[in-house]
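Each chain gets a letter, A, B, C and D, in the order it is written, and its residues are counted from 1.
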Amino acid sequence: MGMMIQTGDHVILYHSERMNYLVTVQSKGSFSTHRGQLPFDRIAGREYGDAIRTHLGFLFYLLKPGLADLAMKVKRSTTIVYPKDVGVMLLSAGVFPGARVIETGSGSGALTTILASFVRPDGRVYSYERRPEFSANARANVERYRLLSFCEFFVRDPEHEGFEQLDVDAVLLDVPEPWTLVAPAHKALKGGHSLVSISPTVEQVRKTVSAMEMQGFTRIHVKETLEREMLVRTSGIRPADRMVAHTVYTVVGNKVNEPGLANVAMPEPVPDSPRDEV
Amino acid sequence: MGMMIQTGDHVILYHSERMNYLVTVQSKGSFSTHRGQLPFDRIAGREYGDAIRTHLGFLFYLLKPGLADLAMKVKRSTTIVYPKDVGVMLLSAGVFPGARVIETGSGSGALTTILASFVRPDGRVYSYERRPEFSANARANVERYRLLSFCEFFVRDPEHEGFEQLDVDAVLLDVPEPWTLVAPAHKALKGGHSLVSISPTVEQVRKTVSAMEMQGFTRIHVKETLEREMLVRTSGIRPADRMVAHTVYTVVGNKVNEPGLANVAMPEPVPDSPRDEV
Amino acid sequence: MGMMIQTGDHVILYHSERMNYLVTVQSKGSFSTHRGQLPFDRIAGREYGDAIRTHLGFLFYLLKPGLADLAMKVKRSTTIVYPKDVGVMLLSAGVFPGARVIETGSGSGALTTILASFVRPDGRVYSYERRPEFSANARANVERYRLLSFCEFFVRDPEHEGFEQLDVDAVLLDVPEPWTLVAPAHKALKGGHSLVSISPTVEQVRKTVSAMEMQGFTRIHVKETLEREMLVRTSGIRPADRMVAHTVYTVVGNKVNEPGLANVAMPEPVPDSPRDEV
Amino acid sequence: MGMMIQTGDHVILYHSERMNYLVTVQSKGSFSTHRGQLPFDRIAGREYGDAIRTHLGFLFYLLKPGLADLAMKVKRSTTIVYPKDVGVMLLSAGVFPGARVIETGSGSGALTTILASFVRPDGRVYSYERRPEFSANARANVERYRLLSFCEFFVRDPEHEGFEQLDVDAVLLDVPEPWTLVAPAHKALKGGHSLVSISPTVEQVRKTVSAMEMQGFTRIHVKETLEREMLVRTSGIRPADRMVAHTVYTVVGNKVNEPGLANVAMPEPVPDSPRDEV
């Protein structure tokens, strides 16, 4: 009963909020913590939810990693994508089992991994990245989670070479100059489907929105998401002292097939006053 | 070549931020808006991303609904679950293609629909609800999105009768007294996997966390998520004037198989000072 | 004992969160509410903290207005300045009893009133406004609170005509194009003292900060303040559903006497690496 | 012409965001920074807004401290009161030139100093503190800012001994158990005037609100204030990465003279349905 942990599986070794690790179970050796050694052969064969002790007697729980853990703890060469933002992206874009999705840049592969998890088993993530070493790192991370068969990696600059796919269900942009990719994204997307772009600065947002309006997107929204932790202590409940104040703004819009119509929500001549709409 | 819209498909009819509708395409008749009629036979056969005009000449785009639209626009008899919170729930819990997930209450079926979308094609959502009429409404909403084959509905009070499933990948609670369901949730869950519970008040959070600690959960976190829209206008960029200030707190924790160990992160005797951990 | 309310005094007539009014006590007549009449001669002679009933039997408390009430309930022809932002302005700028402070525009006089309250009895608020009718309205509001002797009103465009005062303790800008007033503000301010400017959009902030850097200000900060209400009900404690998501960004900086030095925090040659400073 | 800085004056020595100090000018010696020495005799005689160099050639600006600086940089033995919260307190309570205000605990004297600044020259701050050493430290801090003549310090436990004053304009509580001081606060306050209490946890808020309702306060509100910095860089504008997520909740209410009436906003019999009020 339950799930026996095996070599190659991923485990959160959780001692406390400050001491926990996302680990891939190896066939031999130990994982070292500041509270002592955890031999892998004592992890393999146990079940998720079990607790084991280090040689110093400290307790660690063997927990099942969630996708949020993958996002936060992947080996990374670039900035992280926060779970709070990934959640918004997933629900805004057409990412679901069976979907075909373009993502760029590949970054550390954290977002690729999450997308691949959700398009299984019949969908596909097409991950574009200009820099070969980043693409290789992303691929390695995806492989670590056994999701490589749901992904294709492209080392390419989509600004000049475009995307290879057509009629994809979603395009997700996490690049410094997303406005340069709005035209190829429009071409690759299914009509009426979503482009989602994340950027840290207001200027990036402005240029991206502007490019989307010109290229033929409608229903364009920009959001930011804040997440605050509440501490439930015997001394009382209160929010945490500190929080992440900003990661990215998320821009979302839907492709209009005939670009010339994207900004003409109001026909000529106007039958009655549209003053109630902004 | 694109996706031809057919009878029974779902479409966002989008005129402007203030005037847009989630509609199921009927075999005959028209959809009425304040800007005129949109006959269904002029929608069917078009592609997502196309634009059509009402008999008064107003333009509406035919957009592909995302899961956030389903959450916000489902026919509902209960409070809504906001996309910002659903995103956190999806990434915190083990919801992925193939997962077996328990949810209660069924509510309006909005969350059921989203969960069913993500566990396809081999997973299953077990949706529990005490009130028969709510369960029926939720089932009807799920059916509307053709996801019924991925769901099972139970009209039952899980507090007294428990859940029927074992070894599920996640349990999601959206009930007024979640603490009463922590014990059955613990029993139903796979070891090391996640219970997620959402509640609007601090008192509910406190009782739920307390029940989870006693029942055998660890790595318990409580979060709230805020979403703010940015307005990108020619007159300048600035946040929207108003926002939703609160929906729910989200409580997440992982099942520990041996409940007696859940609160014993520190062994006796303590080898060195654990002062650096809170 | 206590404070007997007299004709001309200001009173909050408070029935409930939804029904309360800031009223000036008149020598005759009644104040009309949806819960009945409150004759002024039954208010005068009572003390703050007393409760009286309308002719329909509804209870109203006679409460002492605070400065936050003045900010929110002044007769206004322009946008409001929110107490949360006024608080930041007061503490960032040199506003204190005895201070000499320039403010522009006069707006509705709400901020003028608050500033005048705090510079009493020896200080002065110099309030500049281009539009005569706004200036007159602001003056009337200040007079209503008997603070006129602490204010001087100028109908003038400070961009072209400058400010008349020198060596003021603070300059506060609430105008659509604050960057045009940075030079006259620099001239009017005491060295090392603060310019505070509030604006709703990011573009205004950028231009203002840029003008301040060029004109000779240092220690420039931009902040936004959010205020959320908590509801304490017998059914539980939770944040309010809705909140004001944005009013203004506040820009603050200190005058450097020799403008050429304002952006030269680092000398040549650099003795050691300043890499730890941003 | 400007303000010549003298021995005993307070100066912000500002090199950069990471390196700046609130300093009292001494008659001899130097202030040491990581960027070199700043001899006091080269600060005295200069004006605020001037810039001086350390012996290593680094530039420091001589800036006028604002009240926010006093709040953040006072020598403290207790937790800080943040300017964002002080602003709310000032505007919610009756703190103005000439006001008589009770505060407890004295803490580090930071709030005492700010209150004293605003009640000058005819008002008074009555500062209560149970612990003699805290009271002495607070007094020393107030004296450092030459505001001692506007304050009176009491080493006393107000829960059992009450406050000595009557008819004060405001009472401000910053103690671990504010609900124990609601009765003495009610007694000391002028009718209709404000009690303001700050506390970090939800439980403290609940007990304080409950005590206020019972003791005879109305128009009770609870707020929290969040402040986020915006970074204006040549690379773009965006919010800071990190922020303070929580300091305190602020509870405000107005004294009702006849406590029995405080919770009877609705008379018997009710003339019409009050369903529109919460």
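Everything below uses one rule, namely that a contact is a pair of C-beta atoms (placed from the backbone, for glycine too) under 8 Å apart; a residue touches a chain by one contact, two chains touch by 3 or more.
Here the structure is a predicted model, which means the values were calculated and not measured.
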Partner chains that chain C and chain D have in common: none
Fraction-based call for chain C against chain B, same above half, different below: same
Interchain centroid distance [CA atoms averaged], chain A/chain B, Å: 18
Mean-CA-position distance for chain D and chain A (Å): 43
Residue numbers of chain D (touch at least two other chains): 202, 228-229, 237
For the chain B and chain A complex, residues of the former touching the latter: 1-3, 12, 14-20, 47-51, 53, 56-59, 61-64, 66-68, 71, 83-84, 86-88, 90-94, 96-98, 114, 117-122, 166-167, 190-194, 202, 205-206, 209, 218-232, 237, 249, 254-258, 261, 264-267, 269, 271, 276-278
Complex interface listing, chain B residues touching chain C: 200-204, 228-229, 235-246
